[in-house]
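To start, the structure under review is shown below, and the notes come after it.
Chain IDs A, B and C follow the sequence of writing; residue 1 opens each chain.
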Amino acid sequence: MIFLQSISTLFSNDYYTFWVVAAGAGIICFAAGTVGTFSYLRKRALLGDVISHAVLPGVVISFMLTGVKDSLYFLTGATISGLISIAIVDYVQSKSKLKPDTILALTLSVFFGVGIVLLTKIQHSGNGAQSGLDSFLFGKAASMSLHDVTLFSIIAIINTICIVLFIRPFSLISFDEEYAKGIGFNVKFIKYFLAMLTVITVSIGIQSVGIVLMAALLITPASGARFLTNAIPKMIFYAGFFACISGIIGVFISSTGTSMPTGPWIVVVLSSFTLLAIFFGKEKGIFARMQTRKSNQIKINNENILKIVYKTSKEGTISVPIQDIFKESSDKSIRLTLKRLEKNNIISRVKGMIVLHENGKIAAREVIRKHRLWEIYLSKYFQLEADHLHDDAEGIEHIITPEIEKHLITLLDRPEKDPHQSEIPY
Amino acid sequence: MNDLYIIITACLVAINCAIVGSFLVMRKMVMIGDAISHAVLPGIFFAYLLSGSTSSLPILIGAAASGIFATILIEWFTQKARLQSDASIGVSYTLLFAIGIILISKFGENADIDQQCVLYGELEYVWLWLVPIGNHFFIPQQTLILLSLTLIIITGVMIGFKGLFITTFDPNFAISTGVAIGFWHYFLMGGVSLTTVVSFESVGAILVVAFLSGPPAIAYLLTENLKKMIILSCFFGILCAIIGFYTAKLFDVSIAGAISTIIGLVFTVVFIISTQKKSKIDVISY
Amino acid sequence: MTDPIIEAHNLTVLYGRKPAIWNVDFKLPEKQVIGIMGPNGSGKSTLLKTIMGIIPPSTGYTKVYNQELDRVRDKISYVPQRQEIDWDFPASVWDIVAMGRFHKRGLFKRLTSEDNDIISDSLQKVNMLGYAKRQISQLSGGQQQRIFLARAIAQQGDLFLMDEPFAGVDIATEEMIIALLKEMKSQGKTLIIVHHDLHTAQSYFDHLVLMNTRLVACGKIADVFTDQVLTDTYGGKLTTISKISQELENKEFPIRHK
């Protein structure tokens, strides 16, 4: 109830500021989600973490130099120190035997340490205007002014437009840098441009979620979007969209309570979306995969029973006593499978006998055909003894698609008999 | 006396981190240490909530539990959800850290942990909780815990050196001779979890990461012997801790921040020297 | 064939969800120099790793000396692929070769003077004794290969499994390794070698396994080193195998029903 009330009050005029802040957070998060997709695709998730920690000294120094808290100065400072951190990571990696993860961790912690030193310096020097600088650590969306929001939104939108315009070269270097170089792209320029966009996005992103959790804003949306689609443009859109929604919800939740930090809430909401996608995503989601495996198992069980019925039935009758099936198969789910086949009108039970219908007969012959074709294929190409063929074919017979079957028949020249001299039913 | 307590505490953290960090650096797993050091936060909070005290044992257990939970979560993301490994690390630790921060903001006032101290620790106040040893001698509780951990880690590495060495250098060869590499993985990760957890309380997440990566990286540039590398990185850890402490005092800034900065400076110097030396060798050999 | 030293039975090994080795079945004879050959990505290294228990098979099994691997580890020396190692690792040549003794002595005991003698001898055999104190980061490719060989010799096995010992080494090293192989063979050792270079195959090996995910041929070199077999091995992956692998990967099918 309280929740509904607070939602309804949101739409009253008093909540003008809330909507300004929410819109700002939404747009910023959208930009981060889109750029972050490429951090994800290029497997640079942890570099995003480094950049977001590394902007702190820049932010503090810009304040020390100018003495004013202005978003544009912060942004400039942040961008510069973010770019320096990337340059350092690249340089140290090219000049030493240190491995990337060590360099990332070291750069991250040293930059952040420098930032903290400067921050505590200002705090202890008692500069009145400094209060609020440390809100960069965990985000300060709630205190964004209209001016800030306008500025960030413009930058975020320009950023997003750049991403959309450069979607092809960015996708290309994410997929295969060498290939991109080979077909004449200026890979170096594209890489630095992408890095630049990432740093700028981080610089505005820390205004809403803060430094420590900025990495999540880059990487978590893309990680979830990956489970919803295989197409990069769609992935970028989903990532941006979920980040945007999470930004707004996060601002909303933190506005309901006192001392509720915005950044962590945005991250929690965002992670929930990503977890949902991981479980329920139609591309490679955990449930989708379980579903496929289950339907595979059903197909396998069905085909196995049909095969047994067909094989054990005497010439011309196509019916088998149920007990015989239990004798033939060790499968525990026989009853279930039989019931299912009966329901689908493939077999029927008459007086303790299983009778195979015409379509069941066709299906059974198909499986047996695939099994025997595969045995021939194995014996021809795998240097296997005749008694080593069966097990493999038991598995593969269910996997062979009509297309592969056709291919096998042509390849093997429509054989008549399998290696055990059994007829192949066409 | 208080200064001495702070320095000793910082040095103990430096030693612990340098030892396990050396192996993390060689196994290319430093960022996992980073993730664990952030992810222990919710555990610390729940332990406080359940035990109702800020005494160290429950907090330690809680933190260790969430450190282990973080490694399991990362593994779940890569194995079951089939997310790429860098993203798994990124997603899991930010989530756990975010949850920790929310809990602390909501209930933290009476738990005397706040958002900042999570990041850069409360080394400054380590002398506030003293425990007596004998009649006249007092030692901060944190320092005592760290000291016992240092002893555990040194013993563990001395006993397990060969196992850690062979599984780090050439895991496939190790398996081929029947070494259980899974055991050695968890042996090390157990050490990492304990170290980050215990150190986190006194120096905060950022300095833990700096200590785990910095001194071993410096030592790695200077030596080509694993044992020497471990000893050297302990040395540089201690050096940076002491210089960092006095720098912080001199400029009146955060100790954890100052130590990280000094680590960065020392690394820069060593890095420049080592690249100079390398290019000289190149000149000779051509 | 008298007692096979290695037997693979209906061996299938998945890499991810795709088969890297598919239904391979063979027996290898004792006291021979045996080559394992095939194009890149044909499962050669995977085969050695499966034999050594590094990658578990998804179906089938391998046996060494007709026994479970764990019972006969003492008799096997293994040389992993040199390229899979980080040679910037802070260790000396001696440290690496000493690993060959860890198993005999146990991980928690000190090496004895007997071990040290064995390590010296092994280094001597590959002409690297003078380099014992050298850092491994300073070694050339050929020298790296030699100390890996020395480590395997220090294991004192009767059966040597070597993963591409000739890849990227200088001619002197290659000749040295060949001489060493001949010597070891004359001492009754069995040597199984993953190899790349077709030109040298005939002079190096007595016996050959040719594979490309599936087994193409296995037998005495004179019998299997034929144009037909080589075309089959190196003529590209079979379309059928690629297609079914694709199905296995995309549709999450189990490779065996159960």
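By definition in this document, contacts are C-beta pairs under 8 Å (C-beta built on N, C-alpha and C of every residue); 3 or more make two chains touch, one makes a residue touch a chain.
Just so it is clear, the structure is predicted and the values come from calculations on it, not from any experiment.
Looking at contacts between chains, the pair that accounts for the most C-beta pairs is A-B.
Ranked by how close its C-alpha mean sits to the mean of all protein C-alpha atoms, the top chain is A. Once the centre of each chain is set as its mean CA position, chain B and chain C turn out to be 39 Å apart.
If you average the Cα atoms of chain A and of chain B, the two centres end up 30 Å apart.
Measuring from the averaged C-alpha position of chain A to that of chain C gives a distance of 37 Å. Looking at chain C, residues 86, 137 sit in touch with two or more other chains. Shared interface positions of chain A, i.e. residues touching 2 or more other chains, are given as 97, 99.
Residue positions 220 of chain B each touch two or more of the other chains. Chain B contributes residues 26, 159-160, 162-163, 165-166, 168-170, 172-173, 175-179, 220, 223-226, 228-229 to its touches with chain C in the complex. On the side of chain B, the complex with chain A involves touching residues 25, 28-31, 33-34, 38, 77, 80-84, 86-87, 89-91, 94-95, 97-99, 101-102, 105-106, 115-116, 119-120, 206-207, 209-210, 212-214, 216-217, 220-221, 248, 251-254, 256-261, 263-264, 267, 271, 274-275.
The touching residues of chain C, counted against chain B in their complex, run 49, 52-54, 70, 73, 76, 78, 80, 84-86, 89-92, 95-96, 99, 102-103, 107-108, 135-137, 151, 155. By the touch criterion stated above, chain C contacts chain A in their complex at residues 10, 12, 22-26, 59, 86, 88, 137, 214-218, 238-240, 243-244, 247-248, 251-257. Taken in their complex, chain A has these residues touching chain C: 97, 99, 289, 292-293, 296, 300, 304, 377-378, 381-385, 388, 391-392, 394-396, 398-401, 403-404, 407-408, 411.
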